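Take a look at the structures below.
Two complexes come next, and they have one chain in common, subunit A, joined by subunit B in the first and subunit C in the second.
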Partner chain A sequence: MSLDFSILLKFADALALGLWMTLKLTVLCVVLGSTLGFLIGLARASENALIRVPASVFVEFFRGTPVLIQLFWIFFCLPLILGVELSNLASATIALTLYMGAITSETFRASLRAVGREQMDACTALGLPRRVQITNVILPQAVLLAVPTLLSNCISLFKESALVSAVGMADLMFIGQNISNNTARPVEVLTAVAFLYFVIAFPLTRLVTRVEGRMLRKLAA
Partner chain B sequence: MDYTLDIGAVTRNLEPLFQGLAVTLQLTVAANIIGITAGFGLALLVLSRFAVLRVPAMLFVEFFRCTPAIVQIVWFFYCVPMLFNVFLGPVTMGILALGMNLTAFNAEAYRAAIQAVPKEHLDAGIALGLSPTQRVLNIVLPQALRASVPVLLTNGIGTFQQSALVAIVGVQDLMYQGKTLATQTYRPIETFTIIALFYLAVSFPVSQIVGYLERRRGLAVR
Partner chain C sequence: MNAMSRDTALVRITDLHKGYGPNIRVLRGLNIEMKPGERVVVIGPSGGGKSTLLRVVMGLEEIQGGAITFAGQPYISADGRKTRIDTEVRKKIGMVFQHYTLFPHLSVLQNLTLAPCKVVGEPRAKAEERGRAILARFGLEAKADAYPSQLSGGQKQRVAIARALMLDPQLMLFDEVTSALDPELVAEVEQVILNLAAQGMPMMMVTHDMWFARNVASRVIFCAGGVVVEDGPPEQVLGDPKEERTREFIDRVFHIKG
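After this line comes the complex of A and B, so read on.
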């Protein structure tokens, strides 16, 4: 068979539109999901079991099941339960936000733990009130420690966002698959789609490595 | 909500779900066997001194880590038969696609574990007059392999969850059977909830084991 990558030029606009949708969805869910994850992370560190246990169940559920099922569940079941129509974008945003919230809460929890016990003891010794302990000592360090993992989570979410094509949302993957089915040229089109994902995700992974290196040096100093 | 739950619609049809689970487990186990063995080989290539070996290995790893798994799977199912003129069964194709993805992730895990062995240990080996082979076999590998176990397990469950993606290309795994059942019975809530619980029932115990291993390791290092 002969490959003809020039057909991609005809579909450049459509692919760009899909990529734009993927990026929009990713950014939206990163912002909402990180906020949710931060709150859940705090809830999981709570001393009150009524807050801690539901938060833990939520996280285990979302980390323990495939994202595809979560997406299907929200797409097909949530409208039935709520009795309202949800747009594709709304369902996809809810699903990916909850997923991002679950993985990010683990990141925050780990970084909250990584702030040494000594720091807390020092706060107590200095007689700092609880609120100051949290906002001025623990949180700044925890957020800083969480940055590299948070960035990796963003990359994961960018990749997972391709799943929304399975429920018919017109993201990069969906448009790519459509073009490939209509032109019967899967090799060219799907390779181009993979390449587009790659050129965005790859520089981000390099960035994570660099940020991590800088953080390690900073913490060592 | 004007929707009455009827779990019976699902529990009367558990047979196809169990068949699907068997396919899912088969995909997971086979992909893990590929990932754990080939991943180690690939990690050695990534750490190689020779650029001829190192660069292609790194490209392989980065490609799989930086593109969505669903793109890889769809690509594999559509393009491999066209490009190489090979036609394999859907389950075999699924195993190969998932296995290659896991190989890349496991190679990273092995690489990180090998590089995490402190330089002092190697220096000590040199000071004791151990040969390079002895240093690798008796100092680096035992520590690196032990350190990589939790990550390998986590990646293993990751593959278990990603295996649901093969439903999109028509492999009759748990997700596929669940989707079919939901359409046939018009019972999406019951069906999707129950298959989600199926997945959870497998991955939750494994993630607890990982947590236990990590805690134990944390204590041992301290």
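After this line comes the complex of A and C, so read on.
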């Protein structure tokens, strides 16, 4: 078997387009999903069971099923139920946003808990009203504490987004697969695709480690 | 009502009962009357209810029985299963905790001004001016814009005291405020408390530092098994206790120290 990585040059534009699509989809779903996750995280911390229980059911369901089946269900089943066509971009966005919402809600919930009981006591001793306790003391600390794990969640989403190729979205994975099939050069093409995912994800994982250290030092008071 | 308004006590604790869950009873009918201007140091064995007592007085805990009045006003009472706490009265009390509990995401000055601005509605500029003045008094003016993580334990604890003083409390509670400090940082915190004492600030504190207790207290209460065992001037309770249990405790403390 002879390898010829030079064939990749011919497809550089196509791969770049695929990577661009992957990044766009990731950023979109990170923004929407983290917002959803933040709200669900708050809902799961609620004392009201009518708010807490549905949020928990949602999270457990999405954590307990493969992303691929979630994606397929939204792509194939949701249009049947709603009676409307969904573009593959729309269904991929919905699926990954819901998935991201479920996992980041756990991140936010854990960080809310990590803001200790002692901080609440300090608030009470200072006579801070509940609203001020939450908006000025608990939430800012919880969000800061959540940052490192959120970054990890983003990296996971970036990698999981490769699944959208299964519903025909022209992301990096989909384009890579197509090129690989058409050129019969899977080793070169798929290695290049893997490498492209890696060069994006690796610096981010390094960043998580650094941010984590800084946050822990800053919030250890 | 008439009897209430003639009450000369600053804090009157009557038959206080407090437990955690059905089986753990921490305070079992505790009575204390604290007069204005007194500096009460509570000592006693671990698990004897000292910190719980302070937390109850701060209004941080539910109680199962008894009542507390503050300057003649009803403050905390147990009403069947519910604890009623008058939050307006609570604002007159300040507390400093063992583990500083500064807000780590806020600067020192922001830690000081948060409550005055948000609770009393004091203008920010005025609160900051007062905050800087208190920090200067504590030798911390250079740290106004630092974050808690950039401070030593002793500095953090002094900021915590400054933060509580911003609300002009009529009573200060200190719960083992030097226990988490490195030995060389204890003195700077104790000095601040001694200065407050000299200015006549009423205080109630829990400490394991018997030297400090003797120097700051106008009255020492020995608490064990959830009740007051002995109550008197520091020379007597620390120097020549009447009760056998107090004597045992004091002997053991000084034995370990010696």
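Going forward, the second predicted complex is superposed on the first by the 219 of 221 C-alpha atoms of A that agree within 3 Å, B and C clash if a C-alpha of one lies under 4 Å from a C-alpha of the other, contacts with A are read in each partner's own complex, and residues count from 1 in each chain.
Methods note: a contact is a pair of C-beta atoms (placed from the backbone, for glycine too) under 8 Å apart; a residue touches a chain by one contact, two chains touch by 3 or more.
Being a predicted model, the structure only gives us computed values, none of them experimental.
Peer 1: Of the two partner chains, subunit B (first) and subunit C (second), which one does A:180 touch, if any: first, second, both, or neither?
Peer 2: A:180 sits against subunit B, while subunit C stays out of touch.
Peer 1: Let me test your reading of the model: by the given contact rule, A:61 touches which partner, first (subunit B), second (subunit C), both or neither?
Peer 2: After superposition on chain A, A:61 lies in contact with subunit B alone.
Peer 1: When the two structures are laid over each other on chain A, which of subunit B and subunit C touches more residues of subunit A?
Peer 2: B
Peer 1: Should A:137 be classified as contacting the first partner (subunit B), the second (subunit C), both, or neither?
Peer 2: It touches subunit C, and subunit B stays clear.
Peer 1: Thinking of the overlay built on chain A, is A:197 touched by subunit B (first), by subunit C (second), by both, or by neither?
Peer 2: The answer is first: A:197 touches subunit B but not subunit C.
Peer 1: Is A:122 contacted by the first partner subunit B, the second partner subunit C, both or neither?
Peer 2: The second partner, subunit C, only.
Peer 1: Is A:217 touching the first partner subunit B, the second partner subunit C, both, or neither of them?
Peer 2: second
Peer 1: Spell out the residues on subunit B that touch subunit A in their complex, using ranges where they run on.
Peer 2: So the residues of subunit B touching subunit A come out as 1-3, 62-63, 65-72, 74-75, 78-79, 82-83, 161-165, 167-168, 175, 178-179, 182, 188-189, 192-193, 195-196, 199-200, 203-204, 207.
Peer 1: Show me the residue ranges of subunit C that touch subunit A in the complex, using the header's touch definition.
Peer 2: Going through subunit C, the ones touching subunit A are 55, 58-60, 87, 90-91, 93-95, 97, 99-105, 114-115, 118-119, 147-149, 156, 163-164, 167.
Peer 1: Could you please specify the touching residues of subunit A with respect to subunit C in the complex?
Peer 2: 118-119, 121-122, 124-129, 132, 136-137, 140-141, 144, 217-221
Peer 1: Show me the residue ranges of subunit A that touch subunit B in the complex, using the header's touch definition.
Peer 2: Listed in rising order, the residues are 1, 60-61, 63-70, 72-73, 76-77, 80-83, 155, 159-163, 165-166, 173, 176-177, 180, 186-187, 190-191, 193-194, 197-198, 201-202, 205.
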